[in-house]
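Read through the structures below before going on.
Below are two complexes that have chain A in common, paired first with chain B and then with chain C.
Here is the complex of A and B:
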């Protein structure tokens, strides 16, 4: 799966769990400050990612991902 | 995806030995010292809790886990507690009591899985969603951490609110109010948004406030 496709799916996940609008995101988007995700929101997103991509996250914490690119890199690594 | 062996709560098991021994031996002295007064929100709240559930309570003192064990005496409780306790000298007791460690500074997916797996296995998981001991003996509640909603949603388990009335002295009788189980999916279904998760946590806290009035 291409990086752009992963980002697009992440946008859909964030839209579904957010207010319904697809957020404008880039690799540099900060999950906490730009997207306003709390620690619980972050784990909620991780659960949705696991279901969407069919992967299982290792022991990651809510503060282990700072930028959206960190999440995309992690997913890419798991999909390889 | 790797398939893991799922644990099931059992009626008897060697791993419950210390928990049950302490419960039986400390039970009678506990009842005599604290003279507990059970108050139920309704007839529905009096019904015994079966299967996995998440018990949430206010937290004002050291004895609160014991009070919760008395409040719902017929079940074994698996308490969610800070991982630092598992690194302390008392770690043997936390392990023996089948407590589930959680990193309060960095809530992680493995803690969430351990908690939800325990409830799915049929255990009663108990926690204090204020996140720490609330030193205010007025009984005023702090905000509840929304993680409780995520735990209940993932496990598809009800949330059972319990309010423990702060005591003014050690020998004062303990009073607790047991509320009706709350189905967290009854608010916004099983896929709430980020904002709705926080609203549900506030609703659970509001319920706790209602129980406080009955104490």
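Here is the complex of A and C:
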């Protein structure tokens, strides 16, 4: 899966994890300060990512992700 | 399992609320509560042992909040270990690391100590919520982007499309179905080539396991997919104006709109098409009976209208049980993009 496709899928997940608004995102978007994700939304996002991408966050915690690019890098690594 | 603020005893399962989350532990005494990690508060953020199984006193565990103890149901009591075995299991894990917020957190830890099974209700509920979320997705594409190479599934539909003699209509039907395959796979994780399709007596195609609706106009195709009933309709504003129909909207409104609709929609091509496409979409959602626009009051339906291309070219309406979950995607080649849209009246 291409990096752009991962980001697009993440936009969908972030919209669903938030209030439904489609977020404008970039690689350096901060999950907490730019996208307004609370710890509960973060947990929901991680579970949604597991389900949508068929991967498992078994060697990292949600708090290890600060930027959107951290999440994309992690998914890319898992999909390889 | 219920939670009560009560005096705790040896082997009790306890928890404390920290912000929007709970921190769980096994109570041994006021001086010994065993938990996976320290409570998630700023003052412990830099402590090296914060994500290790450890024993703390009640003050450190509670962070000043009220400690609640678990009260087990009858069936849970039959499954749980004795207090002594629970404490033994917890103590045997002191020093363990490998904390993971999703798969190995403080709730997993206490459940494993008490029941021998690591589980977390927050994770289970969040997963269930995601998998059972309502879906109402609309995909929009240009007919010219579909090359008509290859067959569509099922073979009966492929035959129908190939037998269509009108080139433009055949291209639209092909694009509709190819877009449906993409939408069903992408939004509903449907194994499209194994889906049971059948045709109703009225000639409408239906799928087993999900609902869908197709529409095309002015070089564009729209497909709606949902786990619940859904209908979609798209119309070209330009074509409507070309046919001079826009000059007669007052007469059309008089004939086809209900009294509520005449009050809700002002005169003009765009409001007319907004209401009209809602009627078509609602009719498709119902999937039965004849189309009687004059008796179908869209002011009382769960439908939304918007400009499909972001300009005043095409009006698209969706009527759906899950309209609150509406998402709109634009498709161009391999690129699928979640689009912003503005509802119109």
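By definition in this document, the second predicted complex is superposed on the first by the 79 of 80 C-alpha atoms of A that agree within 3 Å, B and C clash if a C-alpha of one lies under 4 Å from a C-alpha of the other, contacts with A are read in each partner's own complex, and residues count from 1 in each chain.
Going forward, a contact is a pair of C-beta atoms (placed from the backbone, for glycine too) under 8 Å apart; a residue touches a chain by one contact, two chains touch by 3 or more.
Quantities reported herein were computed from a predicted structural model and do not represent experimental measurements.
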Query raised in the report: Can A:18 be said to touch chain B (first), chain C (second), both, or neither?
Result: first
Report task. Pick one for A:37: touches chain B only (first), chain C only (second), both, or neither. Result -> first
Report task. State whether A:56 touches chain B only (first), chain C only (second), both chains, or neither. Result -> both
Query raised in the report: Which holds for A:8: it touches chain B only (first), chain C only (second), both, or neither?
Result: second
Requested in this report: Mind working out whether A:47 is in touch with chain B, chain C, both or neither, as first, second, both or neither?
Outcome: both
Report task. Would you tell me the residues on chain A in contact with chain B in one complex that are also in contact with chain C in the other? Result -> 16, 38-40, 43-44, 46-47, 56-57, 59-63
Report task. Report the residues of chain C in contact with chain A in the complex, numbered from low to high. Result -> 19-21, 40, 51, 99-103, 122-123, 126-127, 129-131, 133, 325, 327, 335-340
Requested in this report: Sort out for me which residues of chain B touch chain A in the complex.
Outcome: 1-2, 103, 105-110, 112, 145-147, 149-150, 154, 191, 193-195, 197-198
Query raised in the report: Which residues of chain A touch chain B in their complex?
Result: 16-19, 37-41, 43-44, 46-47, 54-57, 59-64
Query raised in the report: Residues of chain A touching chain C in their complex?
Result: 4, 8, 11-12, 15-16, 20, 22, 38-40, 43-44, 46-48, 50-51, 56-63
